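Please see the structure below; I have some questions.
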Amino acid sequence: MAQITMTQALNLAIDEAMADDPGVFCLGEDVSAKQGGGVFKVTQGLTEKYGEHRIRATPISETAIIGAAVGAALAGQRPIAEIMLMNFVGVCMDQIVNHAAKLRFMSGGQTPCPIVIRTTTGVGVGFGGQHSDMLEAWFAHVAGIHVVTPSNPADARGLMRASIDANDPVIFIENILCYGLKAEDPGPGYRVPLGKAAIAREGSDISIITYGRTVMDALAVADDLAKEGISVEVIDLRTIAPYDEATVLASVRKTGRALTLHEAVRPFGTGAEIAANIQEKCWDSLKGPVRRIGGTFSAVPFASHLEQAWIPQKSDIVAQIKASVGKH
Amino acid sequence: MAQITMTQALNLAIDEAMADDPGVFCLGEDVSAKQGGGVFKVTQGLTEKYGEHRIRATPISETAIIGAAVGAALAGQRPIAEIMLMNFVGVCMDQIVNHAAKLRFMSGGQTPCPIVIRTTTGVGVGFGGQHSDMLEAWFAHVAGIHVVTPSNPADARGLMRASIDANDPVIFIENILCYGLKAEDPGPGYRVPLGKAAIAREGSDISIITYGRTVMDALAVADDLAKEGISVEVIDLRTIAPYDEATVLASVRKTGRALTLHEAVRPFGTGAEIAANIQEKCWDSLKGPVRRIGGTFSAVPFASHLEQAWIPQKSDIVAQIKASVGKH
Amino acid sequence: MSQIAKEIGRDTLLDIYTRTMKVNRTDEKFRELLMGGKVAVMYYCVRGQELVSAAAMAALEKDDYVVCTYRGQGEQTAKGIPMEKWWGECLGKATGTCKGKGGTMHITDPETGIMVTTGVVGSGLPIANGLAMASQNNGDGRVTLVSFGDGAANIGGFHEAMNMAQLYKLPVVFLCQNNRYGEHTAYADHTDSPNIATRAAGYGMPGVTVDGNDVHQIYPAVKEAVDRARRGEGPTLVEAMCYRMMGHFFGSDFSYMPPEHIAEMKAEDPLPKLRKVMLEHQFTEEELDAIVADIDGQINAAVEHALAAPLPDVGEIYKDVLEETV
Amino acid sequence: MSQIAKEIGRDTLLDIYTRTMKVNRTDEKFRELLMGGKVAVMYYCVRGQELVSAAAMAALEKDDYVVCTYRGQGEQTAKGIPMEKWWGECLGKATGTCKGKGGTMHITDPETGIMVTTGVVGSGLPIANGLAMASQNNGDGRVTLVSFGDGAANIGGFHEAMNMAQLYKLPVVFLCQNNRYGEHTAYADHTDSPNIATRAAGYGMPGVTVDGNDVHQIYPAVKEAVDRARRGEGPTLVEAMCYRMMGHFFGSDFSYMPPEHIAEMKAEDPLPKLRKVMLEHQFTEEELDAIVADIDGQINAAVEHALAAPLPDVGEIYKDVLEETV
C-alpha cells in the first residue's frame, strides 16, 4: 500500500467526497488553484477537477465564510469551510455556535446543518500568541456539533470522510505539526466513524486519554515505560466531543488509573470533563485520582525555547504516570 | 440600611468609580440617557452626571465596542464595555480572547488591559436559543482574564467595584433573573475581592459549589434538607475563574462530598474543572465521587415549560445530594 | 402617480394589499392577545412596516428563500407560512413550525422558504449568501432575500456578506428595513452614513433607497432587484425607509422616541396610503373590507387552534440536538 | 512635479528618506539573516512598501499612537523603536521590546507609540478607535494611526471601526496599504470594490486613494488626515496603492503572482523614485549614500547585540498572565 502524508489523506478524502456528491464544495481563504490550493495545500488539485464554484477562494471574511456554509447546508449542500487558523474562530463564533450548532434544534429538526469546518493550529511552529491555540473545549461545551481531530494520516482520511457524511456540523481540527506525518493509505472509501475512539496501544496499568499530536507523545512515553515494566494504555479519542465514553470508561475500569493529556491549556480544558466523568462513573475501579496534563496557562510565547517549555512535556507525562502507579 | 436591587447595586458601583476616577467610562448599545440608560437600566442617570463622552451609546458593533475598550485601556483608561446579551460575544471573541486577555503577556507586561466587560444572560425569561446561554466556561479556559458573577445585590456592588479596580480584563456576568433581587446596600466603597468565594451557608455533609442564580436554588435546597437532617454547605464562587481553590478544597476536605451546580450546560462546563480538581486534590478526603449538575445539553428551548425543564431542577439537586450522602 | 406606478398591475396590487393586511391584522391580533394577558411571550411589533414586507414577498416566487429577523412576522406571514403553524410556534405549541422549540424569534418553515429567523443582529446576511450560493451551484434559479434593520447595517457581518455576495454575483437581495431605530438608538446616533444604500457602492454593488410607505416605490425596487438576481447579474441592496411605530418589542418603553418623530410617522402610515392607491385603482371599499374580514376570520381560527393545541412533549429538550442515529 | 510636491520641505524629505531607508535596510538585513540560516523565525517582508510606512510615520508626532500588523516592520522602525530592542524581540531575546514573548508578529513599544501589533487581520482598527477615544476623552491631542492591508478591508472589524470612528469623530487615521494581495489572493479575487477608499463615503467619512510609491502623494495625504484628526474633525481613510514585492512571508511560495504583475511592480519601485526626488531637491549621491551607510552601521550593531543577547528565562511563561499581586 502507498504511503501518504496527512495533507494527502485529507485531500484524498475531500476529493472522493466531491466526486461522489455534487453537493460537496469547499470554501475558504486561498483554497483555489489560483492561490496554490490553500496555504497548507490541502485543497490542491481540486479546482482543476471541480471548478471554481466548488473550490471557492474567499475574501478574509470568516463570518461570511461560515455564514455561507450554513446557508448552503440549509439548502441541502455539504460545504467544507476552512478557517485558516483556529484562533480566527474568534471572529465567527456566532455563526458556528448560535447558528450552525443550533439550527437543527431551534427549527424542531427541520433544518439540519451538515457542514465541516476545517481548521488548523498547533504549538511549536513559532507562530506566537494569536495563532497557536487549541480551542476545542469551547466547541465541546456546545450542543449540536461534533469536534474531531485526527492524529495520523489514516484517521485523517477516515474521519474527514465521515465528517463530510455527517448530517450535523463538525469542527475538524488539523494540527500543523501532523501534516507531514506519513503512513499507509487506508484506501478509497475509508471511513472512521465519528464518536469512536481508538485504543492506540493496549496496556494494563494506566489509561492515557488523549487526541491529536499528543497521541505521539503518549505512545513514545508508553514505549519508554514498557521497558520499566509499566504498561500504558493509550486512547486516541479521535472525536473529542461527543466522545466515546464507553471505550474510555472500559479502559479505566480495566487499568484503574487515568491521565488526560492535551496541548490545550489545562484549566477548564477537555481533560476536565473526561476526568470528572471518569471519577464519577468509575469510582469503584479507581486506584487513585485521575490526573491531567495540558499546556501552560498563558498565551503561547514566541521565543522558541519558551514555546517548547510551554507544551506538555514528556518528562511530565512520565512523572505523572509514575506518581499514579506508585513507582518513583 | 437601605435596600437596593442588583440593578441599583451595579449602578452605584459604576457611579462611584466614575466619580473617583475620570478614566472610568462606559460604552455599549443603548447605554446613554438618550436611550433611557441601557435596556436593563444599569447605566441610568450616569449620562446626566458624566456626559456623553463617558457614557457612550454605540452602534450595534460588538467588535468595535470591545476593540475600543481594549484601545482605551492600553492608553490608560478604565472602560466598562457592555455586550447586551452574552450570546453576542460570539461576534467579538477575537477582541476579548486574542487581544484583551493576551496583550499583557504578549507585550512582556508593558500593556495591561484593565477593562470590564459587562454582559447579561439567563434561562427562564423566554428569550429562546440565541439569547440565554451561559458561556463562562469559554472564558475560564482563557489565560489572562477574570470571570466574575454576583448572586446578590451586595456582591454585585462589591464585585463590580473590584472589577473596575482590577488591572486586567474581567468578564462580568449578570443574570437577568437576579436584577430584581433586593438586599441591604453594603454602602459606598464596598469591595468584594476578585478570586474570593463566599461560604453562603455552612454545612457538614456535602459542599455545593455554585455561582450566580443557582446559589438561590442551592440555598433553598439546603434549607429543605436541613429539615431532613442533611447539612449542606453552599459555596458561592463569585469569581468563576481563576477561582478560589483554597476555599473550595477546604470545604470538601471538611464535608467529604461535593456537588457542582451551574445553569450552563453540563458537558465541558466549569463544574468539570472544579470536580476534576477536587478529586485530584482531595482524593483522600472524598467519601464518594464528585457529582455535577448543569443545564440540559441542547439549545435553550422557547416554550415556557420546556425552558423550565431545561434548567437544573431543585429535585435533581436533592436527588444528587441524597445519592451522595447515602440517604434515599 | 409616478411613472413606475403604472407598471404595477391590478392583480399585483391586490396581492400586495392582501399580504399587507395579513401582516397588519396578525400584528393587531398579537398585540390584542398580549394586552389582554392571554399570552405572554416576546413579540416584536411590525406596525408601520407591513407594506415593506408584503411588497417584498410579493416580488418573490414561491420557491424563493427568505432569511429574516426576530421582527420577521411580516416576511413570515406574507410569504405564506400556514397561520396555524405560525401561531402554534409563537405560542410554544407542538403544532408550531418548530414544535415550539424556536419561538417568536426563530421561525423556520422551509416549505414556504422561510429558512432562518435569527435573533442575532446582522447574522442573517451571511447565511442568505449561502442559500444563494447553493442556488448558484446547483442552478435551481432561486433567489434569496434577506431582511434586516438599519442598526444591523453597522455590524461586521453586513459588510462581509455584501462584499462576498458581489464578488460571486450571488442571486441575493439585501433588504434593509430602515425604521429609524435600532432598539432604543435613533439612526443619527448609530451612524453618520447619509443612508445605508450608499454603502453598496463600496462593494461595487447597486444600492437604492426607496420610500417603504409607497407601494409604487418599494415594490418595483424589490422586484427589479429580484429579477436582476435571477438573471444572474448579482445582488442589490434595497433600503426601504419606514417607521417602527411601536417600541422595540411589545411592552417595551419607547419614551425615547421624540413627539415630532411620532407625528412624522403617523403622517406617513403606509396603510391609509395603500388603501388610497387601491381605491384609485377601482377597488371598492367593500372589496377591501371583505379581504380584511376574511383575513381576520383566518387569523381567529388559527389563534383558536393554537391556543387549544397541545404543548410539546418535555422530552423534546433532548431531541433534534444531533441527528438521532438509531 | 505635482502641485503638492512643492509643499514638502527639504527637511521633511530628508526625514522621509531616512525613515524609508531604515525600513528598507532592516528588511534587507532580515532577509539576509534568514537566507543565511542564521535566524529562523516568521518574517513578513515589506519590500515595496517602505515609503508608505516611512511617509506615514513622518506625518505623525512622536507621542502619537500607532497600531500595525504582522507586516509592521515599516511602521515600527520608522516610528523609532530602538533597533536593539526591535531586533531583540524578533530574535526572541530577553532584551526585546516584549522580552521575546511577543515576537515578530506582536511588537509593542509604548515609549515610541507602537501600542499593538496584531496578527489577526483587521483587528487593529477597532483598537485604534479605543486609543483615539482615550485621547478624545482626556484631551491629550494625540492622533492614532492604524495600518492594515487591502485584504483586511473585507473583514467585519474594518466596517464596525470605520462607522464608529466617524460617528464619534475620533482622531484616527485609517491607512490601508493596498499591496494588491491578501496572502495568496489577488485584489480582484477578494473584492469587486473599485478601490478601498470608496468605502469611506458609506460612513460619511472622507476617503482618498493615493500612489504610495510617490512621496508627493502619500505624505501630503497622510499629513492632511493627521492634521484633520488633530483638529478634531474626525477620521480619514487613506488608501496607499503599493506592491508587496515578495511572498506573503519570507520563504513562502509566490508562484501565484503573474509575471506581468511582477514587471509592473518593478517599474513602480518606490526606492529609485524617491532617490530621484531627493536628487531633484539638491541632495547629493554622497549625502544619500552616507545616510544609508550610517543606517547599515546601526542595524549591524543592533543585530550583533541581539544575537549576543540572553534568552528570556523559562519562567517567563508564567509571568505577565495576570497582574502579579504579591
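For reference, chains read A, B, C and D in written order, and residue numbers begin at 1 within each chain.
What we mean here is this: a residue touches a chain if its C-beta (ideal position, glycine included) is under 8 Å from a C-beta of that chain, and two chains touch if they have at least 3 such contacts.
None of these values were measured; they are calculated from a predicted model.
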Comparison of B-D and B-C by number of C-beta pairs in contact, larger one: B-D
Chain at maximum distance from chain C, centres defined as averaged CA atoms: D
Chain A-chain C separation of Cα centroids, rounded to whole Å: 40
Centre-to-centre distance between chain D and chain A (centres being mean Cα positions), rounded to whole Å: 36
Multi-partner residues of chain C (each touching 2 or more other chains): 98, 100-102, 106, 118, 120, 154-157, 160, 163-164, 167, 189-191, 316, 320-321
Sequence positions of chain A contacting 2 or more other chains: 58-59, 61-63, 87-88, 90-91, 94-95, 98, 105-106, 128-130, 143-144, 242, 297-299, 301
Chain C to chain D touching residues, read off their complex: 154-160, 163-164, 166-167, 189-194, 198-205
Residues of chain D touching chain B in the complex: 65, 67, 96-102, 106, 108-110, 115-116, 118, 120, 123, 125-138, 144, 156-157, 160-161, 163-164, 167-168, 316, 319-323
Touching residues (chain side chain A, partner chain D) in the complex: 29-30, 34-36, 39, 57-63, 87-88, 90-91, 126-131, 296-299, 301-306, 309-310
Footprint of chain B on chain A - complex, ascending: 63, 87-91, 93-98, 101-102, 105-106, 128-130, 135, 137-138, 140-144, 241-242, 264-265, 267-273, 275-277, 279-281, 283, 288-292, 297-299, 301
Chain D residues touching chain A - in the complex, by the definition given at the top: 40-42, 92-93, 98, 100-106, 118-122, 151-152, 154-157, 182-186, 189-191, 253, 255-256, 311-312, 314, 316-318, 320-321
